[in-house]
Structure formats: structure tokens, C-alpha cells
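One structure follows; several queries about it will come next.
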Amino acid sequence: MQLGMVGLGRMGGNIVRRLLRAGHACVAFDRDPAPGQALAAEGAQAVADLEALVAALAPPRAVWVMLPAGEATEAALLTLAGLLAPGDVLIDGGNSFWKDGVRRGALLRAKGLHFLDIGTSGGVWGLERGYSLMIGGEAEVVRRLDPIFAALVPGKAAAAPTPGRTGDPRPEQGYVHAGPNGAGHFTKMVHNGIEYGMMQAFAEGLDILKHADSEALPPDQRLSLNLADITEAWRRGSVVASWLLDLTAQALAGDPELAGFSGHVSDSGEGRWTVQAAVETAVSAPVLSAALYARFASRDEARFSGKVLSAQRKGFGGHLEPPKPPEAKG
Amino acid sequence: MQLGMVGLGRMGGNIVRRLLRAGHACVAFDRDPAPGQALAAEGAQAVADLEALVAALAPPRAVWVMLPAGEATEAALLTLAGLLAPGDVLIDGGNSFWKDGVRRGALLRAKGLHFLDIGTSGGVWGLERGYSLMIGGEAEVVRRLDPIFAALVPGKAAAAPTPGRTGDPRPEQGYVHAGPNGAGHFTKMVHNGIEYGMMQAFAEGLDILKHADSEALPPDQRLSLNLADITEAWRRGSVVASWLLDLTAQALAGDPELAGFSGHVSDSGEGRWTVQAAVETAVSAPVLSAALYARFASRDEARFSGKVLSAQRKGFGGHLEPPKPPEAKG
Amino acid sequence: MQLGMVGLGRMGGNIVRRLLRAGHACVAFDRDPAPGQALAAEGAQAVADLEALVAALAPPRAVWVMLPAGEATEAALLTLAGLLAPGDVLIDGGNSFWKDGVRRGALLRAKGLHFLDIGTSGGVWGLERGYSLMIGGEAEVVRRLDPIFAALVPGKAAAAPTPGRTGDPRPEQGYVHAGPNGAGHFTKMVHNGIEYGMMQAFAEGLDILKHADSEALPPDQRLSLNLADITEAWRRGSVVASWLLDLTAQALAGDPELAGFSGHVSDSGEGRWTVQAAVETAVSAPVLSAALYARFASRDEARFSGKVLSAQRKGFGGHLEPPKPPEAKG
Amino acid sequence: MQLGMVGLGRMGGNIVRRLLRAGHACVAFDRDPAPGQALAAEGAQAVADLEALVAALAPPRAVWVMLPAGEATEAALLTLAGLLAPGDVLIDGGNSFWKDGVRRGALLRAKGLHFLDIGTSGGVWGLERGYSLMIGGEAEVVRRLDPIFAALVPGKAAAAPTPGRTGDPRPEQGYVHAGPNGAGHFTKMVHNGIEYGMMQAFAEGLDILKHADSEALPPDQRLSLNLADITEAWRRGSVVASWLLDLTAQALAGDPELAGFSGHVSDSGEGRWTVQAAVETAVSAPVLSAALYARFASRDEARFSGKVLSAQRKGFGGHLEPPKPPEAKG
């Protein structure tokens, strides 16, 4: 099949690459000509602007936009909507807010266009391992592009079969038609929310292991533990076996103290939107929220909330916090 | 009445002072002779050792130990247990672990002594405002010492009567016979756990008010709020009116940025024991725990858990956290 | 002064009542004629529609809308905006979302009108104790209505002076000009968020006190505690002294088991918006969020998240959850 | 090699089975003769009491106790300590508290015996997949029993090699010598703590997916999502790929509503001990704690904390909670 790709960053470029390797034809555009030239050497047709991209595709066209969520994506989708013809498909494969997917779907349908919102997981490993795709949109459009999706996902052999599973065969390949527009990005949002929770579970557990030699413990109870060995052992036969554990063991094998990291952690829109979706629909989500807040707190240099606590403690107890981080006491 | 006091720090010294002012007789001892001399000038009888203290008291004696929880308290109680006579009362007024109160009560009863574990709240304000006392022990012993307690507490006028309240008149004075040994310190422990939760609620709320001018908000939604004015206004007629709010407003009136504090916050045994009691009795206590963890996190300079998160993010996404605290992104 | 009031429910009606008692003139309207008739008997001028309300007020007018947040408030404000003249003031005193206040302020200013968003705390006690008011809008407009606000708030004597406080005298009366439009409802939102956290701190602490007789504890450590006595005692001299504690002690005095309540707890917009504001501005707010989630969980009859856990436990361990709530084990 | 096994429940029995299949000799005892007879048919030597077990083993002996943590394990270890000879090894493979391992190690060393505390993960799948073992004790003793451990673990092929890993080859087989006595059960405890956090992350995420069709959302934003399909798709190429996800997808494939579960979830000692270890060593562990509390709350039929909230709400606002679980409001 033929696919147009707008945005040739790490994600967009590697999606094109994986499609080319599977024998699909790709027309590729990026504001920066360099990545297009690189992909042209691998068999893509690089074009100079969106008009050329649309002209190079045979109808019914499929154009995948892989740009930063927000203004860049919105602008590209609107421009393309003006260039495409009824029956064509526009895809937003970025990390967009799911309600934008709902809105964009309605807007594009009113113009006779089709829209898919696709959550894409896989990061730097997608080219090699395949991507996990969560798709929102019309069933017929998903069916039309099945060959593209089949080329992008890891494939059935990437995991053992689930006993007793029946129904849509797509999920066993590594992608899901999650529902109408919005469902793809909603599902990806929750995926990332879960990811935050799992990551923080490992982070806290390893922090407890690291503090097993704490001076707060009686001397005969202090343990000095080898986290690289422990996480490596857990990879086989334990309940916490997971890809995140594999990556953690790998990081600890190379740098047992993780000294190369500051401990200040970024967060992305999906983690925040997950909490907001939970609040909006009255779902209790303490773990997903705590995971997000741990990241906020890791970057909180102002420490105003801590200052409020210290001011109160001074007020009622005359406690003056020591200038350096205090040990536990009164 | 006559009371012996062991430990003349801020709490013990002021308790003696408040008793003296109410006309009670106090025999006072501290390893350091200075505070005893000061109290002698105010009417106390300062003694040089525990033997002298016991000798100076008429049976049945009452000796209040006001020392740091743990070894100091344990040693003083054991020594005094060897000096006192059957029918005498030993009091632990410090911040002891409640299970120590259970154990000590049984131990001392076996020697014919009586034991009270008393949780004491009031801090630096107790001398002037009176102390809140939570008492564990035998009813008859509490009754015997009622005149002492009545002199220490704020008294009935310190709060409006609770409509419909009947039963023991002690709580309306500001103290409670909470139950058998252990109950006094258990109650004080939970009091402090609640205190942690309330403090953190204010800290988070004020932090959100402070961030109302965040650049994460659209320019026309940014608000610069005066926290000193807001907390002052809340002191009258609002649902959050409280002594902690009074102290917060006071701190903000003097230093709106709370620049005199580091933001690193200590914690005490009671906050930790409260969480452990919740876990031991299967009570869900997310707020009290989160309040404790916020203090732990405020002192966490190693940031190992954050490093684990960053290492995982690099592993799956190639994200390299910036050396400085990052703003929210990808 | 003269004020128009739209919405004569418990809050609106009592605000009118308190203003009448202070000598102000009120023109009152409600879709339901009954409350207006009742207020007319107390000195208000009841009118039959918004046109009559506007006609009955002398310019520059001030009209306070006290209706449920959302459609009812929006409709009344828009209708009044069409009836009022430049220089008039429209007030939204309900529990509106703060961003609506920002938007409405800009909209009304474009029509030459003034707008105040006022967060109002005080509930059923406001008539007697006075209301706590948090006001967003132009300084000049706040100044114009100062006599109204001064009549509504509890007044300076309702709390002891804050040592060292200087600046705007309004907060010492019980109201605050928090900032431009949006600031009033933002401040009220955070007030309620803090309220949720404080309430949950008490709820968890009392639950731990209640479980002090848990069978999970060794028999000699089980304590049966009198929560009515304990909360009453804490009202004097303790760090957790607060209006919420007063109300808690009162409820426990009348019904120590609180048997009249189901344990299913509602939540309001403000608690949710507070969490969303924290997430939007990257403030770590674990306590305020946990308090909200505890309410969600209290109403969660579907228990789907628990079912997921049990399904996983069965999957890896063959654990089959007992049909009744299990005690802690395996 | 030869191993004695005390306790032939699901875990102990299958460990014997796996050892027999690997060619090791097992002497097996259980109070109930049935499982020993079954294992005898598979090649084990079943004995009638602990004396016979010790007599049947050639020194230096190794005896693995696989009994419920607490009294049963303590009694068996003490009895065996009286029967074994210097140089013999006693193993506690159950879910014991790690501080018991520290204590028992010192006690047994004083008698000339060796002790290993082994945390064992693998559940019902261990016989087939192999067990993950976390071992505390002396290095020489671990080395002596390496053939036993190598037969129990999944083996190197069970996971892809970790790039750059060096050091002890045991973890790549699936077991780790974590440190001295206590370290095995400490590591297993934290493993389970992480497991709780990961499980709750999935539970919350799936609950949010399930509520994507909530009436709290505008009609055009409601999504009906197929959780079985989504979790199946995530198993390939996504960041949350894990054994727990495999099990979740499997459960949802068979019962998409998980109607076979009550939603009341048990918890085990390890989850609680993890929180207590975090508190004891001042590690912020909000996610691991929230996961534990969600289980507590799922079983909380008394709902006392909710009743406290409702009583407060009635007190300040006159809110009377509806008899049935209310929707969000006021």
C-alpha cells in the first residue's frame, strides 16, 4: 500500500522505515529536508511540501501526521483537510489529547474525510520490535489500512497466545481498533498512565531495597543489597517480570548507582490527562496520581509546600527546621 | 497536690510552672541543674537525684517523667520503679510508642505500682493556653490526679459547649481518660497523624494558590494571589478555620514567601506510628500516609527513585532528562 | 445600600436576610415565588421577574446571582447582562468554575458592565456566624460594595488578631479581594480542596482510633476508645483544634457510631477542580487527591478495579477471593 | 543432591516435584500423609515425622521448611534445630517476615547450624515455569546448594540476556544471593510490594477505560471500549508488556466483566511489611501504600471513615447524604 507521512522525527521516520522494509510505498515530508533525503535513500519518495505529498498519493489517500501534539498537529491536519478529497484518510499518530480526536473526527467527517486517531507505543525500539497501535475511527477505514498496521506491529509471535481468546484477530498482532474517534488516544493515554504507575512501583521498591542499609535500622538488621543482581533475577519466573524490569535491570547492570541521572523527572501530557479523566469520571486512581505527583515533586525546587509545613511546626512547637535536610525527629 | 517531675526541658519545665501557678507543689529534677534552679525561684523544690525526688514526695506519690521517648524514658521509669512504693503512680508524659505504654503498665502493675501514659499536646503555647492531655491507665488513678490535670488543661471556657454532650466532664476541660495503659499514647499518636494530614492539606492548597500564576496557564488565566490576605480571611466563617490556619496566617503575615524556611521538613515518631497502626489494623489511611511521605520526599537528596524513573524513560524512549529540573514535556 | 438577589435558596435567602438585618435594602427574585414572599415579610422587595428586579434597583446597580453553577447561572447572567446598564455590577456568588469567572469577566467588561466572582463559605451557619467571602474583580468595584461585604462577614471580633499583620483591612473582617476575575472562585475552589483534605485526615484518624480494638492486634494491645470523649478533649489546647473538629465532636456526641450515615460520600465540583488545577500547574497534591478519591471509592459499587486485582491474583497464585470480604491473608 | 522438604502444600509439593524431575533426591514430610504418598509415587521418600526425615538425610543435610509464616514455621525450625547436626542447613522458604530471618540466622549459627531465608515467587506456575528465588545467608552455603537452586529456577533461556551484564551468573538463571540472613525475605517482600503497585496501576487504568462511557462525559465523548482487545494488543510492543498483563488479558478474554469476582481483595503480609519498611527507613512510597490501601478499602464494609465525612458535611452544610450511593454533587 501507499502511505503519506508528515513529520519525520524519530517516530515518524522509523515508521516509514518499517513500512518500506515490509514493501509498502511511502511519500514523506518534513519541514527539515534532511530526514526526507535520508529516507529517500532507503526507498521513500521525499516531497517538498504538503501539496506535493497529496499529489504524489493515489486516491483514496492515507496521510499519517506524526508531529508534536498541539499546534503543530492541528495546523498540519487543517492544511491537509483542505488539500485532500472525500474518501481520503487523515491519521493523527502523535500524543494528542483524546478529546481533540473526538472533535477532529467530527470536523473531518463533515468534509467527507475519514479520520483515525492512533496512539503509538514503542519508542526507540519500535523500528526493531514493532509498534503497539491503539486506533480510533470507523471500522471500514481501519480495515482498509490493515496492511499498513500489520506491517508496523510486532506480530503474533511476539507473545504467547492467550488461552481461550476469540474475537478480533488484530490484538493478537499487536494493534486494536479501540472504538470511534478519540478511542485510540484515550487508550494510549491510559496506557501511559499505567506505565507511570508501574514505573513508580519499581522506583519505590528499588528505593526501599537501597535503604535496607539505613542507619534507621538496628545495626544487625542492616542489609547491603545488590540491585543489579536482584532485578536481573526477577526477570525470570517472578510476578513482576516485565519489559520495564528488563530495562531497569539493563540500566543497573551498566550503572548500579544510576549516577548518570539527576533524579528530576519529566512528565508528559498523557500522565496528566489520565488523572484528569479519572477525576472527570469519578474513578479512584490513587496510584496513577501518586506516580504523577512523584514526578512533580522531583522537580519542585521552590519547596513552598515544605516551607508551609515548617512554618506551621515553628508556630505550634517552636521547631526550627535545621538548615540542612534533617533526620527524623520530634 | 504534690507532683514530682523528672525532665525539665521546655515541656516538663512549663508543666511545673503551670502547676505552681495553680497552687500545686512540685519536686523537680533534671540531669542539668540549671532548669531546676530556675524553677526553684518560681516555687518548685529542686532536687539533685531521683532518690531525693522520691524522698521529697509524700506517699502515695505521683512522678511525671517528661523525657525523650526511648532509652531516656525507659531508664528513668525503671530506676523510679525501684525507688517507689506500692500505690505510687508513675507517669510517662513524653512521646512514647503506645505499645511501650501497654508493656510498661503490665510491668509496673506487677510491682504494685500504677502507671499512666499521657499524650501531651500544646507545645510552646501550653504554659499560656493549657495542655491537651490524653491519658491511659486505671480510672481510680486518673481520679486521684484530677486536680493536677484540671490545672494543666485549658478549661471549659476555652471552647464553646458541644450541644447535646453528656458523659464524662473531663473532655470539656481539655483532657480525656482514653482507656487502659497504651490508650493515652495511642490517642496522642493518632492526634499527631491527623495533624500531619491537616498540615499537608494546607501546604498543598497554598502551593496551588501560589502556582495560580503558573506559565502553564494561558496568560489571561494567570492569577497573582496574596496568600497572607487569603489565609487571614479564611480565619473567620470558613470551613477550614482552625488553629493551624491561625498559625499559617501569622507566618505569612510576617514573611509572605516563607523565605526563612528551607522546605526540608522533619517528622516525628507519631506520624510514622500512625501509618504503621493503620497498616497493622487494615485501615485505609491514604491522606495520613501521603502527608508523611511528603516530608520524607522533602528531605530526599539522593533522589534514587527519580533516577530509576529517568533510567527507565531513557531505556524505552531514549529520553535523556535535562541536567536541570525539566519543565513538563514528552 | 441596595442589592438585587437572584436565587433565594438556602444561601441566597440567608444572604438577603443577613443584609436586611444590617439595614441594607434588597430586591429579591426566585423562579419559585414562595421564598420571595417569606423574605418580603422580613423587609425585602420581592419581584416577579428579572426585568422587574432591574427596574427596582437604582443605578449603578448591583445584582448578586446565587444559583447552581453551570447552566442556571450562565443563563441568568446572560439575561441580566442584556437588562443592565453600563456601570452596573453583576455578581456570581455560586460555586462556579473559576475559568468561567475569567471568561464572564471579559465578556461583561466588553459590554461596559462590571463583574465579581465571589466564593462564599459558611453554609447553614452563615446567617448566624457570617460568611467568608473570596472576591475576584476590579478593586474599584469591590470598594463600592464594601458596605455589603462588611455586613455579610463575621467581622473582626470573630477571631483573635494576627500579630504583626498589616495591609488590607478586609481580611480581618472575613473577606478578601483575591485578585481579578476568576480569583474569587479559584480561591474558594482551593479552600474546598483543603477542606476535603482536612476532613479526610479526621476521617482516617478516627477510623484508626475505632480499629484500636481490632482482632489483628494481640489481645493485650486491644483498646476500646471513646471517640466522642477524645474529639471533645481535642477541642481545647490541641494542634488539631478547628471548626471541623467542633462539628465532629458534636456529631459523635449525638451518635457515637454515626449510624445515621451510609458511608457513601458525595463530592462537589471544587474538590475535582482543585486536583485538576494542581495537575495543570504541576503541583504535587497527594493529600487533596487522596481525599477526593476516598469519596469516589466510597461510592464505587461496581468494584471493577478490585475485580481486576482478584483476577490477577487468581492468575498467578490460584488465589480465589472468598465470596465475603476476606480478612488479610496470603 | 539430597534435600529434605517439610510442608508439602502446593508450593512445597511442587518444589519437590521439580527437583525430582531434575534428578535430585527428596525426603518429604507433611503432617497430612496424603501429599507425601503422592510424591512417593513420583520418586520421593516420604517419611512419618521430622526425626525420620533427619535420619533419612546424609550429613551435611539440607532441610527446606515450606510452611505458613509465623507459628508453624517457627515451631518446625526450632524442632529441626534440635535434631540437626553442626554443618547442616535449615531453609525457610515461606513468606516469613524478614526480621525473623535475621533473628533465626543468629540463633541457628549459635548452634553451629546454617540458615537460609529464601523468598520464593512463582505460585501455581512454578512447577512448569520455574521459581524465582531470593536467598539470604552465607555465601558458602548458597554455593553448596547451587545444584538445587539451578534445578528450581527458570534458567537462562527464560529471558533475553541483559546487554553489558557482568558479575554473579546466578541472577541470569533466575535466583539471587541477595545478602546475609534476612536479605532473601526482605527482597521477596519488596518484590511483592512492587507487585501490589503494578497490579493496582493496571486495575486503575482498566477502571478508567471502563468508565470511558460514563454519563459524566458529554454524549459525544462517551466511548465503549473492549478491554479484552486492548489488553491483548498491549502485550506486544507496548511499554506495559508484562506477565501481569498477560494474566489480565487472559482473565478478560474469558470473562470481560470479571463477573466471577466480588471486588473484595485480600492482602498478604509482604505488602504491609513493605510499607512498614518504607516508613521505618524514611522512604517515600506513595504508590506501594496506595495499592495496599485500595485493598483495605475494598473490604471496608463498616465505612466508618465515610460516615465521619458525611457527619461533617451535614454539620457545616446541612448536606444529608442520600441513602443510596450518591452521584457527584454539592
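Going in written order, the chains are labelled A, B, C and D, and every chain counts its residues from 1.
Heads up, the rule we're going with is that contacts are C-beta pairs under 8 Å (C-beta built on N, C-alpha and C of every residue); 3 or more make two chains touch, one makes a residue touch a chain.
Here the structure is a predicted model, which is why all the values come from computation and not from measurement.
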{"item": "Each chain counted as touching subunit A and subunit B at once", "value": "C, D"}
{"item": "Between the pairs A-C and B-C, the one where more C-beta pairs touch", "value": "B-C"}
{"item": "From subunit C, the most remote chain by mean C-alpha position", "value": "D"}
{"item": "Rotational angle, Cα trace of subunit B fitted to subunit D, multiple of 5°", "value": "180"}
{"item": "Rounded Å distance, subunit A centre to subunit C centre (Cα mean)", "value": "38"}
{"item": "Euclidean distance of C-alpha centroids - subunit C vs subunit D, Å", "value": "45"}
{"item": "Between subunit B and subunit C, centroid-to-centroid distance (C-alpha), Å", "value": "30"}
{"item": "Sites on subunit B at which at least two other chains make contact", "value": "123, 125, 200, 202, 204, 207, 239, 243-244, 250, 267, 272, 280, 282-286, 290, 293-294, 297, 299-300, 305, 316, 328"}
{"item": "Residue numbers on subunit C that touch subunit A, as the complex places them", "value": "239, 267, 272, 275-276, 279-280, 282-286, 289-290, 292-294, 296-297, 299-300, 305, 316"}
{"item": "Footprint of subunit C on subunit D - complex, ascending", "value": "10, 95, 123-125, 199-200, 202-204, 206-207, 210, 243-244, 247-248, 250-252, 255, 258, 261-269, 272, 286, 290, 294-295, 297-319, 321-330"}
{"item": "Residue ranges of subunit A in contact with subunit D within the complex", "value": "99, 102, 106, 121-123, 125-126, 129-134, 153-155, 158-160, 162-168, 170-180, 182-183, 186-187, 190-198, 200-202, 204-205, 207-209, 211-212, 214, 216-217, 220-221, 223-226, 228-230, 232-246, 249-250, 253-254, 274, 277-278, 280-288, 290-291, 293-294, 328"}
